[in-house]
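Across the two complexes that follow, chain A remains constant while its partner is chain B and subsequently chain C.
This part shows the complex of A and B:
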């Protein structure tokens, strides 16, 4: 008998617009020691499946039909009392964010022992030995000394190991891991995934791994099911589903995953919201002409578009009226050069200072030292409020989170036309309105978007609007700070295609900042690697991905989940056309 | 081809969903409002009392400020339903023979005027300072917030009394009565601006780190423009909530000051003045002079508070 057997599961949510199906007829069979991946884009209902198995559906959620059997026991319609006995004991959970899933006021030992005592009949002394052996099992070095520490004394990856130890306390049969590595850097992600694999095999625990990340799926799962809009699209052996997907949706999903091994000119992308041919192309054409008709575009500008030397940025933190503040050096002596029409990929783990460089370049952060030249002309960098320098107009930025980068109280038209109005790039209101709609057309948005508010759009559409706003300032250099990290993979492919198109058409230079090496590979001509605020390696992208020189770069590349199992995107593209 | 088809279906489905969401967002406040009886009662009472006070000259039976309209012979008459009451004075009369109902309607008018004006003054001052403190930071932030701390250490009544006392001392006595209302507005406003300053600062600190503010900075916009057109609309929700709740506080504060005798002069009696006059008669049996203005005050404050509570819950996504 399968450990977990789900049949025809349907979950609905009561909303004020009536009942909406979050999961519709989902089925799954999971054996002991097996890792099953549940993959899908946001809103696909994957977390709802996890919550239904745990009996923890959020308010308004209700199981409409089907059955969930754990070891043959029906979980649907279990009483609250039975759930308390089952949850934590037979089924455990690993959450996404190790920062919030541990109690910061209790030591690791207290949390482990408490959980062990709740679920087993061990004495307290035995529970302590058990806690220690669990910590050793999940790979905490020097566990005997560290067990008395508080969560904040551990790094993110170590904390996630503690969370896993916590999930193992009750010797569960089934573990549900909801995006267990999404909050972690790649190097740590690889180790945590290896740990989950090892534990599943050794202890014979079934794992249901919920993620949006194809790399994670390819790395450790045995079987996988692809979900879309609450419906099961395709399920089967991971190698088969990723290598030869049969459903059109999974084919397109896999095709849009950026590969680290190979650069493609464009993502073979089905276009959900991409520019449709026809009505809007004349608008887009007008926008293109406007962008190219830059005053003085004829006169050739000499040299590199950007030349940054010796940039150092530090922050003061914790200071007050009577207290000395602490100085954190975020970026140390970094130099970068960027030629016209070129893309430089800036990679590194979180906290390496990538974003700080971007903010210093656009003048939001004041730098302590350094010199910045734009086509040979010096730009303000270390002065107070450097963003006020008017020659910075041609340097524009795209942010990571499209939900916070647009002012929610403004209509899209006002957002996109603000740079036009402020920089005096148009003669009057009529012209501003015309340019605004043509910019929106350029990024593939309908002209009627001008009258709507940002919350009426999806994440990908919002990112398009943000790009339109940046274009309206007539930039020559675009700084993209993790522009697709907050987006689903198919939307990411659209936005990356859009950025490539814009670059090809208008010869923009792009500084592309990302932690995601496969994405950077797809976008960059050259790559620069940051570690702890220092630039450790810089070079041509092809050479970098073939043979990185610095140890740190080598480590980063080695830890990136391998996508060998995934079918070749070009083959998938061919299937798409056929 | 198959991929394109399923993609189009997906797009269509998303389109309808976002349409629903669009309608939902627009009427979200209305949706929550119609499901909150306290909010509806609050709104009804607020509209009724505001309407009655605004249209007092047309609603009230007599004009209590018109010396010719009342007669000392009618003084201290009980409400119409009590023994000895007369039908023309529904809520009885005060010691001057004025109709209580009219006095309350006109008095509430002055209370609302002073409360509203002082809260507007406090909000403009407080939001400006708080917003600038958050956005500019540095020494300006320190100075403004320390002043706010000092202000918080002084009870609102004390501040108001202080300003009132200084004004009485400085202003010539003949212009005194005329200037009393502006002085009260200033006094109450100055004792309430801290609420707004602290709230505006706290909310603006959250907003200023969001990317849209940085996008505006990258555009090179001047600080005042970023504060006014970008940050202010985004922190308006919580400020609106404090505005309604503090309006009740301001009305109460005015009543307290008038009750203590430092408020508006007796010939322009506000609710507080009426209550003060009434207290002198409670023990001699003329309870209605103090009771009815007090009830009117309680009703108004509760109404505004109910509305404020609703707005606080409705505009705070964490409480839903």
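This part shows the complex of A and C:
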């Protein structure tokens, strides 16, 4: 008998617009020691399945039908009281963000012992011994000393290990892991995934791993099911589904995952999600002409657009009126070069100083030391660049989170046309409106977007608007700081293709900042690697991915979840078209 | 930790200096003290001599420094009105106000905190809505209306409780207390309730909204997913995490209760500092007013210092920052 047997599960949510089905007829069978991956894009209903198994659906959520059996016992009809007795005892959960899933006011020991005492009849002393051995089992070094620490004294990866130890306290049969490694750096992700694999095999625990990350699925799952809009698209053994997907949706979903092994000219896209062209191509054409007709475009500026040397940035952190603040050296003596029309990928783990470099380049952070030349002309690395300096217009930035980078109280038209007005790029209102709609057309948005507010658009559409805003300034250099890490793979493919198109047509230079090595490979001509504020390696992208020179780069590449099980994207793309 | 407390202490001293400057400004700008003190027949020369004796002819900074020195050494001077030492007047009134404030704070906490927790844990029950509605009425009605309402009901209609004064008190050294006799408690209960209603509502609503906030956090969801006892989830995990803001507001409230006891004390003719302050205003008794101001400021600062120390006890993260 399967450990977990879900059949025809349907979950609905009460919304303003009536009842909506979040999960519709989902089924799954999971054995002990098996890791099942539940994959899909945002809004597919993955997390809802997990919450339904725990009986913790958020407000308004309701199981409409179907059955969830754990060891043959039906869960759907359980009373809240019985369900709560099951939680922790038989089913445990691992949450996404280890920064927020531990109680900040209790020590690790208090939280572990409390959980152990709830589920077992051990004495307090025995529970403490047990807590210690659990911490050792999940790989906390020096556990005996660290057990009395508070959560804030652990790093992200260590906290996630503590979370896993907490989930294991009661020796559950089933663990639901909802994006357990999304908030972690690749090296830590690899370790945590290996830990989950080891525990599942050793303890015979069934794991339901919910994620949007195909790399994670390929890395540790035995079986997988692909969800779309609450419906099961395809299920089966991971090797089979990822290697030879049968459903068109899973084919195109897998095809849009960037590969670290090879570079493709364009990302294959989900067949029905591409930007609408056709009727609006006249507008886009006009936009392209406007961008190409920029004054001075004839007298081609050659050579390096950016030449940065010896950049050091530090900030003060903490401190108050009467307290000494600490100085954090975020970037130490970094030099970068960027040629016209070139893309430089800047990679590194969180806290390595990537974004700080971007902010110093646009003059948001003051640099302590360093010299910047922009087309050979010195440019101050402070906040005090003159407002009318051409570099202020020609260097544009695209941010990670499209939900906070657009002013929610402005209409899209005002947002996109702001650079036009500020930099005086148009003669009058009519011209500004025309350019605005053509910029939006260029990024694949309808002209009627002008009258709407940002909240009316999805994440991918917002990122397009942000790109349109950057383009309206007629930039020569775009600094993209994790431009797609908040987006689903299919949307990511669209945005990255768009950036490539724009670069090809208008000869933009791009500084592409990302922690995602496969994405960087697809985008970059050259790659620079940052570690703890220091530039450790820089060189041509192809050579870098084939044979990285620095140990740290080798480690990063090795830890990136491998997708070599997946079918070749070009073949998949061909299948999709056919 | 020492440096954090030292920093807070230095801030407190700044605040006290500012309060003292305000209190001192009263002397300079509210009427002429000499004209207040002497009769119309006093000769100009005598008035001048008095002015010289009191040091009113010295430059303002010198006078301010002298004022600071007096305040710091608890040498509060004499009242214009009663000619008594202000220190003694305040001391005789202080216990009444402190007891009133303390009891009303206890009432507000004993009812407000459990009711806040209840309404947060069971947001949809009818009892929760009833509690919220009742206390909304409590917070909307002005203090004196509530006071008069309570007097009318319990003092006049039912005749259960006295309507004014402290009743029977027990003297412990210089401290006259209501807390040791039944009659004392009977007199205390109405004013304490009147003063406490507003604080009660504030505490209740704060506890409720903070609890609801904490219940939405991942660590609370994780605690539920681990199947811990609901009691442990609600109290050990949720309530403990609401303590820091609650302690802040309760601390501020205690200062506020003492300061705003003025209205309640006047409704119930409660012989505390608030009543003394009202009388002083009526007779433009500037020294008493300024000492009252300084003392209230001092109490506020003291309470806030205690709150800061409580923070360190509650939250290990603040402790870590203080040590680091």
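Just so it is clear, the second predicted complex is superposed on the first by the 556 of 578 C-alpha atoms of A that agree within 3 Å, B and C clash if a C-alpha of one lies under 4 Å from a C-alpha of the other, contacts with A are read in each partner's own complex, and residues count from 1 in each chain.
Here is the rule we use: a residue touches a chain if its C-beta (ideal position, glycine included) is under 8 Å from a C-beta of that chain, and two chains touch if they have at least 3 such contacts.
Remember, it's a predicted structure, so these values are computed and weren't measured experimentally.
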Inset, instruction - Kindly classify A:455 by the partners it touches after superposition: chain B alone (first), chain C alone (second), both, or neither? - result: first
Legend entry - Residues of chain A touched, compared between chain B and chain C (which is higher): B
Inset, instruction - Could you say whether A:95 touches chain B, chain C, both of them, or neither, answering first, second, both or neither? - result: second
Inset, instruction - Considering only touches as defined above, state whether A:359 meets chain B (first), chain C (second), both or neither. - result: first
Legend entry - First, second, both or neither for A:42, with chain B first and chain C second: neither
Inset, instruction - Check whether A:105 is in contact with chain B, with chain C, with both or with neither, and answer first, second, both or neither. - result: second
Legend entry - chain B and chain C contact sites that coincide on chain A, given as residue numbers: 321
Inset, instruction - State the interface residues of chain B toward chain A in the complex, per the touch definition above. - result: 1-7, 10-11, 13-14, 18, 20-22, 24-25, 31, 142, 210-212, 214-222, 230, 233-234, 236
Inset, instruction - Mind listing the chain C positions that touch chain A in their complex? - result: 3-4, 6-7, 10-11, 217-219, 221-230, 232, 236-237, 240-241, 314-317, 320-321, 324
Inset, instruction - Name, in rising order, each residue of chain A that touches chain C in their complex. - result: 54, 56, 84-89, 92-93, 95-97, 100-107, 114-115, 118-119, 150, 152-153, 163, 166-167, 169-170, 318, 320-323
Inset, instruction - Please name which positions on chain A make contact with chain B in the complex. - result: 16-17, 228-229, 248-249, 251-252, 270-273, 321, 359, 362-364, 387-390, 392-393, 395-397, 399-401, 404-410, 418-419, 422-423, 452, 455-458, 466, 469, 473, 576-578
